[in-house]
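These are the structures, in structure tokens.
Shared between the two complexes below is subunit A, which has subunit B as its partner in the first and subunit C in the second.
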Partner chain A sequence: MTGIGAAFKLEPKYPEVPYEEKARLFAEIKADARYDDYLYGCYECGICVAACPSARYYDFSPRRIAQAAAREDVELIFEQIQEDIWDCSQCFSCLRCPRGNNPGGIITIMREVAVNNGLDSAREALKGYTRIIYKIMSTGTQVSPDMLQADAFPDWGPTVAATSENLELWRRALPPDTHHTTKTGWQISTKTLVELYLIWHKTGALDLISELDEGLHSLLEEVMEDLLEEEGYEL
Partner chain B sequence: MSDTVVVIGGGPAGIEAARNIADLGMKAVLVEERERLGGTPIFESYAALTPHFDDAEEAMDGMIAALAERAGADVRTNSTVTAISGEAGDFVVTVDGPSGSEEVAAGAVVLCTGFTHFDPGRERQIYNYYQYPDVLALQDLEVMLKAHDVRVPSTGKVPERICWVQCVGSRDRNIGNEYCSKVCCGVASKQAIEVRKIAPDSRAYIFYIDMRMYGYWEQQIYWPAQEQYHVQYIKGIITEILEKQGGLIVRGEDTTMGRPMEVAMDMVVLSVGMEPSEGTKTMAGVLGVEQNKYGFIEVARPPLDTVSTNREGIFAAGAALGPADLEDTISSAGAAASKAVALIRRGSPAVV
Partner chain C sequence: MTIPVELVNGPGRKNKKEFTFSEEHAPEDFHDHLWELEAAGELVVQRVPEPYLEVPVKYGRTKKVPIGQTWHHKSCGQCGHIPGYSTSIFWVNRKLGIEYNDPTDQTSCTAWNYYASATSNQAAQACVAMRNFAAAYESDHFPIIHCGTSFGHYKEVRHEILTNAKLRAEVREILASMGKPLVMPEEMIHYSEWFHAMRHDIAKHQVLDFSKIAVTVHPACHYYKLVEGDAIYDPEVYGGQRTAIVTGLATALGAEVRDYSTWFDCCGFGFRHILVQRDFSRSFATQRKIKRMKEEADPDVTLTHDTGCVTTLDKSQFAAKAQDKDFATIPVLSEAQFAALAMGAHPFLVCQLHWHAADYKPLLEKMGIDHEKAWAEFEEQCGRLERNEAKYLTWEDVDSAPVEAAR
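Coming up: the complex of A and B.
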């Protein structure tokens, strides 16, 4: 690069890959069975951006996602896989599109392609969720009562501290027996866990984790294999 | 009081007006300057009509054949109207034709002299229409589409990348045509579909200010172009076209993406708008009817009377009144015919 432009050359935030690789990723997105139902044509009217909570906080636009896909702009789509798609909260407010597009759904597909291909952006984006992924995949429940600590969740209100002190007692006050738990959101039967672990194994969801976080993967694998072997399953 | 209506101009509006006049029991004298009827769809070699993709020549031949069956319709080709005297109900219209000059007694006149395509080389030369062989106007591409053979003029190859630039000669204060020409969005989209059918490997782009495809044209033209034929609609008008490396570069702003763009094209089609035809301007003078600032015929009592001029007994229809699609044209031709016949039946000018 010569001239004035050189002074303003920005450092790329992610490693550059050949065009063919970007085209391959887009081909994988397009080949998804849901793709044709998620993208028709775009008026560029902006209703999806107006409805999008993430667009208020980030430099993020569901319209640009739909447009890039409609225009088959391979370079821009790759850029979006690296950055934009991780700013979406998957609330699907964008479904109010007058053309019937589903920008959030396109993002779902793009994220799956990013995860399946072990892209750094997916690894980076999911880094903060290790604990939650572990909880969901090992117990089937997400936020558990023992996570309710005042320092971790100050936004949960002024009574959080008092509640977390006598957590077990508070939980016992709940009418359903199944809620008398603190380590999980509710009681989970062994049968449910076995089914869940089999699903993670058979659908490849557990393999996905190995693409993203090897440590987390071995931790989960151990927990799952122990139970499944106990219950008489050969893996 | 004469029971004849003189219709001037043998395009879609004139043919439809004459047919209606004959069907309503009056005599129509249809005066056409050229050697045959059919008007702009025929003389500009239109391929498929917007929005239903009917073959233009077949459609016009059908209209012409239907008119020929009307005994009350007298077609005078190679003829022009050169003078008019008298007043509503008792005009004398001078028609110059191959066998000399004739004075036709007429109760009313319907002016159907239409439009012409804006000449993209007329004002500013920003698109180099006359310099670059691969810069075309809508009607130039129609000729190729009619032959079912779309080729880049300079190379003879099927285009890989083709774009349309909307609003050329329309909505432009600098040029003086501040109006929207109504049909170009639909015609460009129709053409893009035709090109994508003929050359499925091509990529087609339409650069626009607003897309204006009213009513059912949305579903008939716009959505299919985008959703089935993957025509790319980009909001942003091309500011200039450059010749570079044996092809064309179009420069503009991709406004919704918020970035400037320079895109390579094999072929650029200028979506030229409508201007009053020479015939419309000349006949307005001969008949003494008012024109608006653009030269189209001014209607005297809008909006509930869409066809009466300022001179009683003289009506206008079709694109002589301003930009019009075929549906508008046929509708106004029917309205003008019925008002002309009603005036003669009543024996006095229309009651306002």
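Coming up: the complex of A and C.
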């Protein structure tokens, strides 16, 4: 293992791949239309690290992300795409960068590449997350009231159990008409859901789920195709 | 943007010269490109409807905030887990007699998932945003965005749509297949900007005295760090050195805003962390935010203006208290709920505080609200639903329900 971060890392938890494969992944990152907007070089001043919440709790540094990208350090970038990127909080406090870099944005692109290529890091980081992806892609809202279950949020205290026990009644007691739902955040029309499903299909967003979780992809595909067929769409 | 070093004099952030933003250090105004593309027939620009208010934003520019005729782009987390948040936004609009649209043809921005998992792509994210904007345009109402992350992400999408012709063409074609036009709002408006712009009108309708209420403010990262040029910076609040959002409203309501050293820190939400790695979120929220606020400012409440921030700061405190019985908690509210309470909103029928985790009862007592009586009033209304006297509570029920507790 080479690169400036090697001394700080234990043995890698991911399989080694040929340099050419690492270079291919970096080329995919650089090819993203946003990349040039997100990287202007690095002063190595550390302002981004000082502002970064993840840097306080993890072996993580937005400065190293910008440095590695600026130096085109393919080995280190591969290490980061397998480990570091999932520590980022995506708060974009690193936009304090005096050079105008956006390390959080670079990480967004790196994560997309990790997901698109079905990398181990993406599968590992998103373990336990698939129900969230299912919820957002199939219903159009990410969190729903019925997700508030005491066994899922034991650290949030007794309010969660009280909410769960009274959920249907408390939702009926909400004055906005759109808020009486329990399985979605608010009421969404069928036509709107159809349009969302078309977006997932036409932009390839649904296809990339297959790289991450084939079972989830099949489930989503079935749900979406059923509704689209009902509404007269042929894919 | 680079901050000229000569404007920062000495340690302890005690700047001798006031920092002023100028065109010299300003990024390009996105409006220039917006008008060019509209003139070229590339997209439709939805104008801010009149009447509107103008507020100061970064770089000395101004931004139009519509008063009414608004299309409320709701938030997943607010509607799902903090329903008193969106309900308070609507209640304040209704109380001020302002017409708005609470649509069912709106989807989530899906950005929480995107920042958490990256299981999407640039085109999909842009299509989701532009489909929502088209829906608002079709209803002849102007989008007002409840979630800080939706607001931040849509500003990113705006930049990408304006500067990337290939993406613009792809999104236009997909929207056209649904019969929708490519529409960009003239301004991206976060609901908290509406509250800031309307703060003096809100204060005129205030029925509770908040002069004894001390608050701390947590400005949401995606509101002012992500595409910073759209955020409100008011010379009257911190001399324009810090975003005026939330703070401006709190002071207009007569509350005392107290500063604390970690105001710039995020809340610890982390997007994926709050769902699958909450040890980080809990630690950051309690150690870097709540504990610091308590030690340095000892507020009665902390106010913020985003879904994730209310969630993380509020929910994280239970575990910290369970681990350390001396951990001092702070109630967490959105400034919309705070404003609604000031205007006499019911703490449970409207502000839905029973969905919150940190103990808010001492705050209500200090505000002069009898929370026991208020809870009894809430249960009485729920009893009507249980007895099938009504299927749902309506705005009319809430408006006509006895609110003896808050007098």
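Points worth noting:
Basically, the second predicted complex is superposed on the first by the 218 of 235 C-alpha atoms of A that agree within 3 Å, B and C clash if a C-alpha of one lies under 4 Å from a C-alpha of the other, contacts with A are read in each partner's own complex, and residues count from 1 in each chain.
Basically, a residue touches a chain if its C-beta (ideal position, glycine included) is under 8 Å from a C-beta of that chain, and two chains touch if they have at least 3 such contacts.
All values derive from a computational prediction rather than experimental measurement.
In the three-chain model built by superposing on subunit A, subunit B and subunit C fit together without any clash. Of the two partner chains placed around the shared chain by superposition, neither subunit B nor subunit C is touched by A:L228. Of the two partner chains placed by superposition, only subunit C is touched by A:K127; subunit B is not.
Once the two complexes are laid over each other on the shared chain, residue contacts for A:L148 go to subunit C alone; subunit B is not touched. Between the Cα centres of subunit B and subunit C, as seen from that of subunit A, there is an angle of 90°, stated in steps of 10. Contacts of A:D32 after superposition on the shared chain: subunit C is touched, whereas subunit B is not. Taking subunit A as the reference, the larger set of touched residues comes from C, when subunit B and subunit C are compared.
Legend: residue contacts after superposition of the two complexes on their common chain; A:F92 is shown touching subunit C, with no touch to subunit B. Applying the stated contact rule after C-alpha superposition, one finds that A:L196 touches subunit C and leaves subunit B untouched.
Taking every C-alpha atom of subunit B against every C-alpha atom of subunit C, the smallest gap after superposition is 10 Å. In the superposition on chain A, the residues of subunit A touched by subunit B in one structure and by subunit C in the other are 99.
Residue ranges of subunit A in contact with subunit C, taken from their complex: 32-34, 37, 51, 53-54, 56-58, 86, 89-93, 95-96, 98-100, 108, 111-112, 114-115, 122, 125-129, 132-133, 136, 140-145, 147-148, 153, 155-157, 159-160, 162-163, 169-180, 185-189, 191-193, 195-196, 198-200, 202-205, 208-209, 212. Listing the residues of subunit A that touch subunit B in their complex gives 40-42, 44, 63-64, 67, 70-72, 99.
Subunit C makes touch with subunit A in their complex at residues 1-3, 74-81, 83, 86-87, 90-91, 102-108, 110, 112-124, 127-128, 131, 135, 152, 159-160, 164, 166-167, 170, 174, 177-178, 180, 221-222, 225-226, 228, 264-266, 268-273, 275-276, 278, 280, 282-284, 288, 315-316, 318-319, 322, 349-350, 352, 354-357, 378, 381-382, 385-386, 391-395, 397-398. In the complex of the two chains, the subunit B residues touching subunit A come out as 222-223, 226-227, 230, 232-233, 235, 256-257.
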